[in-house]
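Just below sit the structures, each encoded as C-alpha cells.
One chain, subunit A, links the two complexes that follow: it is found with subunit B in the first and with subunit C in the second.
The block that comes next holds the complex of A and B.
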C-alpha cells in the first residue's frame, strides 16, 4: 500500500522548502554550532586563578614562602595586599576577591620554635561550589608546604601514599565533559524544533488540504517529512562533535559507527516528537513554544548534563527516566570520552529504540489527513 | 443510479451545536458540470470536504465514483481531483516543482508525466515559466496551475471549491472554458460559486442556504420555477428606492440589480402603476419600467428570502 514514489515526492518537496526558508536554514545549520560555542565557552566548572587578598602581618621570608606556594600552584592569584583586616570586608562584599589569606604576626617565630603556626583562609561562601573547591586546594597546598618545612630537605618515607589517577578525563577538564553532553542537549532541542514547524505550517497555509485530498498515505507524509530532517540532524551531530574536537580539543576515543547508530535512533525519536507536537498544535507559534519547553528544560536540567541525577530528590530522579536526553548524554559521553562499546551502552541502546518507536508512534498517531 | 458520479443521501455535518449541512440529498450524473450555489455559510465548502473525504460526515451517506467516502477514502482520493477554496499549492515551490510533486503523489510518471506536464503548462499558459516561484504568479495563473495539478492524473471527478473567487472577469471566463473542456472529455465537475452569472455555465445547480437544499434543477428550470413577474425599474437612488417599496401594495420583493431595481410583483399590470407612484411619493426619480425574464440572481434572492435569509457573516 505504501509507495516509495509518494514518500520521496514528499521528502523532495520538504527538502526544497527547507532550502528556501532562511529560518529553517538558521535553525538547522547555524544554531547548533552557535549553541556549542556559546555553551562551550560559557559553562565551566574549572576553578582556576582564585582571586585572593593577602594580609601578611608577619612579613618574613617564611611567610613569603607560604604565599609563593599558593601562587605557584596556579589555583590562586594574589590581587591585593592589605595592611589591616578592616579592608578585607570591603573587598569581599564587592566581590573583588574570592577569599583572603591571613598570615598572623609570629608565623616565622612559631615555625622556628617548632610550634604549630596557624594561618587563616577567609572565603566568600556565597558561591559555595567555588569556596569548597578553593578550600580543598588551600588545604592541599598547606599540607604540602608543612611537609617541606618539617623535612627541610631530608627524605622520609610516608606511611601511606595515595596515588590518585583520573581516568577518561585525566586533566579533569570540565570542557571534556561538557562538550559531549552539549551535543546531546543541542540535538534534543534542534531536532524537535526542526519538525515542530513542518505539519503546523501546512495547516496554517492551507496546503495540507490539497495534500490530504491526494492518495498519499499519512505514513508517507510523516516519513517523507522526516527523511530530510534525519539527514540534517545526522549532519548536525557530525558538525557539533567535529567542532568540539577541533575548537575545544575534546578527544574522541570510541566508535564512530556506534555513535552514529545511536544518534539515528535518537533523532528518529526526537524528530517524531516534533512532528507529533506539530500535528497536535496545528499552529507554528504554539508548536515551536511547546517543542522548546518540552525539550530544552528537561534536556538541560534533568539529563545529568548540568546536575548529577544521583543527587536529585527521588521524584525528580524518577522523572529523568523518561528524559531521552539522559540516555543520549550517556551515549555521547561514553563513546566520545570513554571509548566504550555496545556492551556498556546496551541499556541506552534499548532506551533509544524505545524512544524512536514512541516518537514515531506518536507522530503517526497524531497526524490524520481527515478531520473527524 | 450506478451511473451517477456522485450520490448523496441525508448527508449531515454538525460542528458542536451548529449544523453546517442538514440532511442533504442529491445526485450528479456522470460527465455533467454540477454547481453548488449559495451565500457564505450555506454549507457548500463543508459538503465538498465531506465528498472529498477530508471531513467525516456526522450522519447520512455519500458515494463518489461508487465509493463510500466514509469507508473507502483512499480509493476516493485516487479517483478525484480537488481544488480547495484557499489557494493551496506550495508558494515556495516553482511551477515545475509543484507539478512534479503532485505527479509523484498521484503516481504519474515516465512518458505519461512528460505528456501531462506539457498539457498542464500549456493549459495554464505557463510554458517557459516552469522555474518561476508559484507564490509570485498572478492569482489567475495560480488558479489555473492549481486546476492543472488537480487533474494531472486525469481524475473521473473533479471538485472545485469557489475556484474563481478573487479572479478578474477575463481570467474567470478562461477558467470556465477549461471546465467546459474537461467536462466535454467526460470529467464530472462539481463546482461551488457565489457568482450567479457563472452558475449559468452549469448543467445542473443545487441552491443551498443554511445547510439545506432550497432548490435544484437546470438553470432554465430554476428560472421557470419563478412564476411571479419581475419589473426592472431605473431610478436615481436604488437603496432608498428599495426601502420605499417595502410593503407597497402588490410588491412581493424589491432588490437592487446593478444600478437598477428588480421588483417581484403579484400582477405586472397593476404594479406598473403602483411602483412609479410609490417611488415618486418617496421623492425618487423613476426612469424606464419594463418586465424582464427572471435571472438566476432573482430566483436566488427570492428563494433565500423565503427560507429566512442568509446566515450573518
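The block that comes next holds the complex of A and C.
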C-alpha cells in the first residue's frame, strides 16, 4: 500500500520548492547561526563590573580597606567618587551607575569600639535582576570582610556557614544555559515557520487538487512533506550543538544517541503540528501566524528556557505542562550538561513519544478530511 | 522568474500612467486625498471582526502573558532536603528556608544519593544537606556547616537562588548566635536599599519593557503587510492611477496604524498600571510623545519591509528576521551593559532601546520631557529618516 518511491517523490518535490524560496532557506540555515551568535556573544546575565559610585564620608584606612574588598572581588568597579549624597540622585537617574556604596562618618570608630558599623548600598532597582545579583555579591563581600576584621588575631569561627556548590555549570555561565535551550527554540522556528507553509501553499496555488488526484496516499504526503524539514531540523540541531561545543566550549556529557532519538521524536511532533496548522488554516499567512503563537512563543517563554517555570502563577504553570518544548529542554539540558541517561529522563521521553504521536496523528487526520 | 518579469512590466505601465495622471487641480488639496485613504484603510482594517480582535485584544493578552512569564525572580524553587542531623535546630533551619516563599521543599531523604538523583532528574533546583552534628556544632559555637547544592543548568535562576539560600542560612546562624549571646559584637553590616523598585520585583522592570515590544510588534504586523497586500491583490495599480502621490500614500498608510497603535498604548499602559500595579510616576506627556515618535519609526520600518517584499509571506518572514534582533538588542530581558562593546554600539541604532529608556524612565524613575529629550530627539530623527527612506524606496519600486 505505502510506497517508498511515491513518498520520496513527494519529498523531492517539496525539497525543490523549498530550494526556490530564498527567505525560507535563510530562516532554515542562517537563523540558527545568527541566534547562536546573538545569544552566545551578545547576551549574558553574568553580572560583572557593576558600576558603583562611592561616597566615603569616613575616609579612613578601614573604610578604604572595605572599598578595596569590593574592587578586588571583580564584581564591582568604582567609577565615581562623590562628596555629597545629592550628586547620587543625578547619577542613578541618568543610569551612569548601578549603585552607590555609602560609608558613613564614624565607620572606623564604630569598628574599633566593636559596635556594628553600618554601610549602605543604594541600588538602581529599576533593573531588578542586576540589582538582586549585585546585592547578593555585596552581601557576600561585606560578610567576608566583616569576618576578617572581627577575627583579626582571634580564633573564632562564624556561627554557621553555608557551603554552596553548583553542579553541572560550576561557573554559572549563561552560555551553558543558552545553548541547550536554543536548540529547542530553533526547532520550534523550523517547525512553525517552515512547515506551516507546506500545505497552505498547495491550497493557495491550487495544486491541492492535483495532489489529490495522484495515487499518493495521505500518509505518503505527510511523511514526504516532513522528510526535507526533518533533515533540515536534524542538521540545525547538529549545527547548534556542534557550534556550542566548539565555539562556546559548552561541555557535552551525555549520550549522543539519546539526544538524537529524543530530537527525532520532538521534531516529528513539532513538524506534524506545523502541517496540521497548515492544513487547517489553508492560508500561508494565517498558518505562519498561528504557528508562531502556538509553537515558537511558548518555546521561548513558557519552556523554562529563559524564565523559571516555578515562579509563574499557577494557571500559567499548569499551561506549561502541555508545552512540548518544556520537556525537550529538560532533555537537552539533561543530556548535554548533566550527562544523565534515560533513567532520569523517562518522563520526558514518554511525553516526547506522546507529542510525536499526537502531532503526526493530527497532521494525517487533518489531511484526510481535505482530500477525500 | 515569470512572475517578477510580469511584475516589472506591470509596474512600468503603472509608472507611466501615474505621471500622465498627476495633474494637480486647484480644488484638490493634498490633505483630502490623504484623508480619503485614511478612511479607506480604517474601513478595511475594521471590516473584519477578526482583525479588530487581533488589534485590540491580542496586545492585552500578550502583555498579561509576558508580564507573568518574563520574570527573573526566584519563587517556589523546588528544594530537596537531606537532614542527617534530625534535631530541632536542623528542622528549624529548613523551616526558615521554606518560610520566605522563595523555596518550596519537594522531597526529604536521609541518603545524600537521593539528592543527587533529584538534581539529575530536574525534580529539584536546590538541595540542602545538613550534616550529622550540626546542632551540636551550632550550640558549641564551633562553626556549623551546611552544604547547598544548586542545579546550574539554568544559570540566572541558579545565581539568584544560591545567593538567597546562602543569605537565609547565614542570617539564621547569626540570629541563633545572637539569641544565645554568643555573637561577636561589632563587624560591618550592609544595608541594601533599592531605588525606584524597593522590593526588587522583576515584574516592575519587565512589564514596561513588554509595552515597547507589543507596540513594535503591532506596528510591524499592520504595516509590513499593507503595501504588499495591495500589490498581491492588484489594487496597488488602482491606487497608482489615482492622483495620490507616493508620499501621500505613505502618509495615508501610516496615520491609521499610528492611531491604532496609540490606542493600544493606552490599553496596555492601563493594564500595566491597574492589573500589574506598576507605578506610573513620571510624565504622561513624555510617554505619549515618546510613543508617537516610536510608533512612527516602527511604522516606517514596517513600510520599508513591505516595499522590499513581493509577497505577504516574504514580508512576514522579513519582519520576523528583523523583530528578533530589535528585541534582543534593546535591553528588554537582556541587559545592554554586559554586552560586548560592538553590540552596545549597535543598540544605539535600535529604536526599541530608546523607547525602553523612555518607558522605564517615565514608569519607574518618574522622569519627564526635561530628562528624556535626548531619547525623544533620537527617536524623532529615526522616524523621519526611516519614513523618508521607505517613501523613496517605494517611489523607486513603482516608478
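Note that in this section the second predicted complex is superposed on the first by the 353 of 372 C-alpha atoms of A that agree within 3 Å, B and C clash if a C-alpha of one lies under 4 Å from a C-alpha of the other, contacts with A are read in each partner's own complex, and residues count from 1 in each chain.
Throughout what follows, contacts are C-beta pairs under 8 Å (C-beta built on N, C-alpha and C of every residue); 3 or more make two chains touch, one makes a residue touch a chain.
Since this is a predicted model, take the numbers as computed values, not measurements.
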item: Touching partner for A:360 - first (subunit B), second (subunit C), both, neither; value: neither
item: Partner with the higher number of touched subunit A residues, subunit C or subunit B; value: C
item: Which of subunit B and subunit C A:352 touches, first, second, both or neither; value: neither
item: Which superposed partner A:133 touches (first subunit B, second subunit C, both, neither); value: second
item: Which superposed partner A:210 touches (first subunit B, second subunit C, both, neither); value: first
item: Which superposed partner A:12 touches (first subunit B, second subunit C, both, neither); value: first
item: Which superposed partner A:285 touches (first subunit B, second subunit C, both, neither); value: second
item: Which superposed partner A:3 touches (first subunit B, second subunit C, both, neither); value: first
item: Residues of subunit A contacting subunit B in one complex and subunit C in the other; value: none
item: Residue ranges of subunit B in contact with subunit A within the complex; value: 49, 52-56, 73-74, 77-78, 80, 82-84, 86-93, 97, 100-107, 109, 146, 149, 159
item: Subunit A to subunit B touching residues, read off their complex; value: 3, 5-6, 8-10, 12-13, 16-17, 20-21, 205-217, 369-372
item: Subunit C to subunit A touching residues, read off their complex; value: 65-66, 68-78, 104, 117, 119-122, 125, 138, 141-160, 162-167, 169-170, 172-174, 176-177, 182-202, 204-205, 225, 312-314, 316-318, 320-321, 324-325, 328-329, 333-335, 337-340, 343, 360, 364-365, 367, 371
item: Subunit C contact footprint on subunit A (complex, rising order); value: 23-24, 26-27, 31, 35, 38-39, 41-48, 51, 66, 92-93, 98, 110-111, 113-133, 135-140, 142-143, 145-147, 149-150, 156-170, 172-174, 176-177, 180, 193, 197, 284-285, 288-289, 292, 301-302, 304, 306-308, 310-313, 316, 330, 333-334, 337-338, 340, 344-345, 347
